[in-house]
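Common to both upcoming complexes is subunit A, partnered first by subunit B, then by subunit C.
Up next, the complex of A and B:
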């Protein structure tokens, strides 16, 4: 009950600026899809695949799936990042909220739920917009897995941000997180090209984060390679549990000290 | 109202000095802004070259690298002249105080125009330090490339100021960022205009970044007649946008 009230309160606050939030969130990935899955794909003659898996579709599908998945999960991550930082530092409303019956744990779970809902809604919208490129039965299996991916990435990034917010007092940390962490993560996590083409140790770096598992598994599911599902699903569920627990711990530590 | 450019540049320079001093304290945002084009360059060299099946890898970097240089200059100049000017003018109300001094609205705009140009060119210089060895640009063309990025920075500063004159709420800045992002991707940066249909190709030629990208590429490839043509176009656009910016902002500040 309290959790539902927290989600409702977040939602009310987001509604005030929905045009400024929603238009760029949808328009940016659509432009990316048009350029990479539409225009750049015309120049690519061969099929592209991840980790040496057999390539069964063209670059248009490769890029469309990567962009839809990454944009969806990163929208949730950014929502969690900004809301967490704003609640802790800009207006310190979290400190007021925990003086009511709403606990730090419920607050953390509420934020996670809102970010996840935003991520899921954007992912579904992008998949719908990508149907001219992603026609076929494989599309049906993408949405549920995208939801799990969104939850994992949102939980991890929200947890990291909440922990960073414990130690940094200025909003510049949001710039650094977005430009130096989330942006390269999206670029190099097999969104536009396989991570195997990266040189040396750099190719192993994205493996430490959940996004690459989401991208690779989604493409495998689209192509009908079910064997990859159990391992990657387990990895993403583990990330969700670890990220969610870390977020609850960080919220509790900051708000009850 | 007079819209003539003031002749007393020393007062405008005071504003430039103030912005430089302020920026020294807030250095994190500009430094992290530079990381973004460098990541794109890395993606072009390692990733998109592979996707396009080009060997050696430098081939695609030669195409995308100079365009990324122009886009970096654009970002530095336009972010300064939209977001930061909006903050100083509308939120911090700095210009309400400045205009009570000997400085006129035209001098304020001129100061911001100069500072935006300096910031854009500085971003370009930093990016060029990485690009030149990656794309194999020799020292001579690299220096000329840097000089030609000054009018590019001027053009985007002027365009940014012309737009920010009509911005009344910070949420509108997000839409400007979206427009810049679309221009970045659709202006011959990663994908050659030859892949565009006739209408999309014509639309791409309405984007100022297309001319900046072409200028950057032609200088890097030492195609001087084409470079001069693009440079002339950019100077004409810059002059027109500067006149518009001075007129629009001066009117809004004094009304």
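Up next, the complex of A and C:
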């Protein structure tokens, strides 16, 4: 019940500005989809695959799935990262909340839930907007898997940011996390092109993060290749658990010291 | 028999090699207003965090409402009201929304939290600003709103950390009136402050904290009696060091302390000292006689150095 109260408080606080957040969150991936799945796809004649099986669709579908997934899950990741960072930097507000029956654990889970809900809503909206490119029965399987992916990315990013913010509360931390970690991660995680085209070690680096597992699996599911699901799903669930636990630990450390 | 709201015995909090609280004994009876005074860094806020059950003590025993905070934290928190040192109101919400949300954290349903918020606003004399954004309120109004917020769950114990820090004189008095009303309502209040006037005016009992320890405790009037003479004579002078004050006041034991523009002298008989000063040839600009206060006690005990 207290978890619902944290979500309610957050929603009441942000509902005045939700349009300002929602419009760019939707507009940016729509523009990217129009450019990559529309204009650039005309230049790419080959079918593209990154799940180890022959491709059955073209670059337009490849890019549309990657952009919808990455934008959805990273929106949640950014939201959670921002909440964790600002909560630690201006931690008196969080410290006051934990003097009520709301514990640091419930507060962390509440923030994670808000980010996850935002990610899920955006993901659903983007999949809906991508239907002109992604027609077919495979589309049905994308949403639930994208939700798991969103949870994994959100938990990992928030945990990473919270742990860094335990020691460095300067404003630059958010910029560093966003520009140095999340943006390159989106580029190298098979969002716009398969990781097989990357040189040397860079090809394997994104494997350590959840986003590439989400992108590759989504495309495989869309094409009807279920073989890759168990391993990648296990990776994402593991990341969700590890990230969520680390975030709760960091919140406890910060707010109960 | 009076029930102890707080009982702390040999309470210690260490952060690595640094000891923030070094073994304090604290007893707060139900319905009392008790103050802890001390300079910045004395350990007041750490003590408060332990009492709010947010920070775990390194050692010692602590009971709040007779309950163990390590095991029954949530039960204790339901009966606590907390006024933090800084502004922790949500600027994106109105005054009443801030209180409603806070009430919801204590498990109140929507109707209960709305009712409690309206009552708390009335208590803080902010009903006419209920639907205004917090960002449009003055500093004093925000402070009163923060105090009102600490009452929305009808707490048995209210913990306040520097409730009037950085407020102007008029606003301070408004806040003090609100705090006095809480005491009259029978709430137990623990006030952390370095404003001696505030503590002397509001508190039944005072602990003086220095470097993580309580170095003195008692009722304000007892402390004044114990550590100070009854009156203090402040003299503004134009030539430092030119007067032998002990000889002038015919008392070799009086202690003379430098002030910004002269000297402060504690005396047993203020009127007699003032007469001696006025009839002496000593050169001075002005003089003021007043009863000694808790601030004099505090400076006597802790010294005048900033370290």
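Everything that follows uses one rule, which is that the second predicted complex is superposed on the first by the 252 of 257 C-alpha atoms of A that agree within 3 Å, B and C clash if a C-alpha of one lies under 4 Å from a C-alpha of the other, contacts with A are read in each partner's own complex, and residues count from 1 in each chain.
One rule holds for everything that comes next: a contact is a pair of C-beta atoms (placed from the backbone, for glycine too) under 8 Å apart; a residue touches a chain by one contact, two chains touch by 3 or more.
Quantities reported herein were computed from a predicted structural model and do not represent experimental measurements.
*Asks:* When the two structures are laid over each other on subunit A, do subunit B and subunit C clash or fit?
*Replies:* After superposition on subunit A, which the two structures share, subunit B sits beside subunit C with no clash.
*Asks:* Once the structures are superposed on A, label A:131 by its partner contacts, choosing first (subunit B), second (subunit C), both or neither.
*Replies:* Neither: A:131 stays clear of subunit B and subunit C.
*Asks:* Between subunit B (first) and subunit C (second), which does A:245 come into contact with in this model arrangement: first, second, both, or neither?
*Replies:* Touch partners of A:245: none, neither subunit B nor subunit C.
*Asks:* In the overlay, answer first, second, both or neither for which of subunit B and subunit C A:183 touches.
*Replies:* It touches subunit B, and subunit C stays clear.
*Asks:* Looking at A:97 after the superposition, I want to know if it touches subunit B, subunit C, both of them or none. Which is it: first, second, both, neither?
*Replies:* Touch status of A:97: second partner only.
*Asks:* Have a look and say if subunit B or subunit C is in touch with more residues of subunit A.
*Replies:* Result: the larger residue contact count on subunit A belongs to B.
*Asks:* Which angle, in steps of 10°, is spanned at subunit A by subunit B and subunit C when each chain is reduced to its C-alpha centre?
*Replies:* Reported to the nearest 10, the angle reads 90 degrees.
*Asks:* Pick one for A:172: touches subunit B only (first), subunit C only (second), both, or neither.
*Replies:* Only subunit B; A:172 stays clear of subunit C.
*Asks:* Taking the superposition as given, does A:28 touch the first partner, subunit B, the second, subunit C, both, or neither?
*Replies:* After superposing on A, A:28 lies in contact with subunit B but is clear of subunit C.
*Asks:* Report, in whole Å, the shortest distance between any C-alpha atom of subunit B and any C-alpha atom of subunit C after the two complexes are superposed.
*Replies:* The answer for the closest subunit B-subunit C C-alpha pair is 14 Å.
*Asks:* Of all the subunit A residues, which ones make contact with subunit B and with subunit C?
*Replies:* Residues 17, which sit in both footprints.
*Asks:* Can you list the subunit A residues touching subunit B in their complex?
*Replies:* Within the complex, subunit A contacts subunit B at residues 17, 19-20, 23-24, 27-28, 31-32, 35-36, 39-40, 42-46, 48, 59, 172, 175-176, 179-180, 183-184, 187-188, 192-194, 197-199.
*Asks:* Which bits of subunit A are touching subunit C when the two form their complex?
*Replies:* Those residues of subunit A that touch subunit C are 1-2, 5, 8-9, 12-14, 16-17, 92-93, 95-103, 255-257.
*Asks:* Which residues of subunit C touch subunit A in their complex?
*Replies:* Residues 15, 52-56, 73-74, 77-78, 80, 82, 84-86, 88, 90, 92-93, 97, 101-102, 104-107, 153 of subunit C touch subunit A in their complex.
*Asks:* Which residues of subunit B touch subunit A in the complex?
*Replies:* The contact residues of subunit B facing subunit A are 26, 28-29, 32-33, 35-36, 39-40, 43, 46-48, 50-53, 171, 174-175, 177-178, 181-182, 185-186, 190-192, 195-196.
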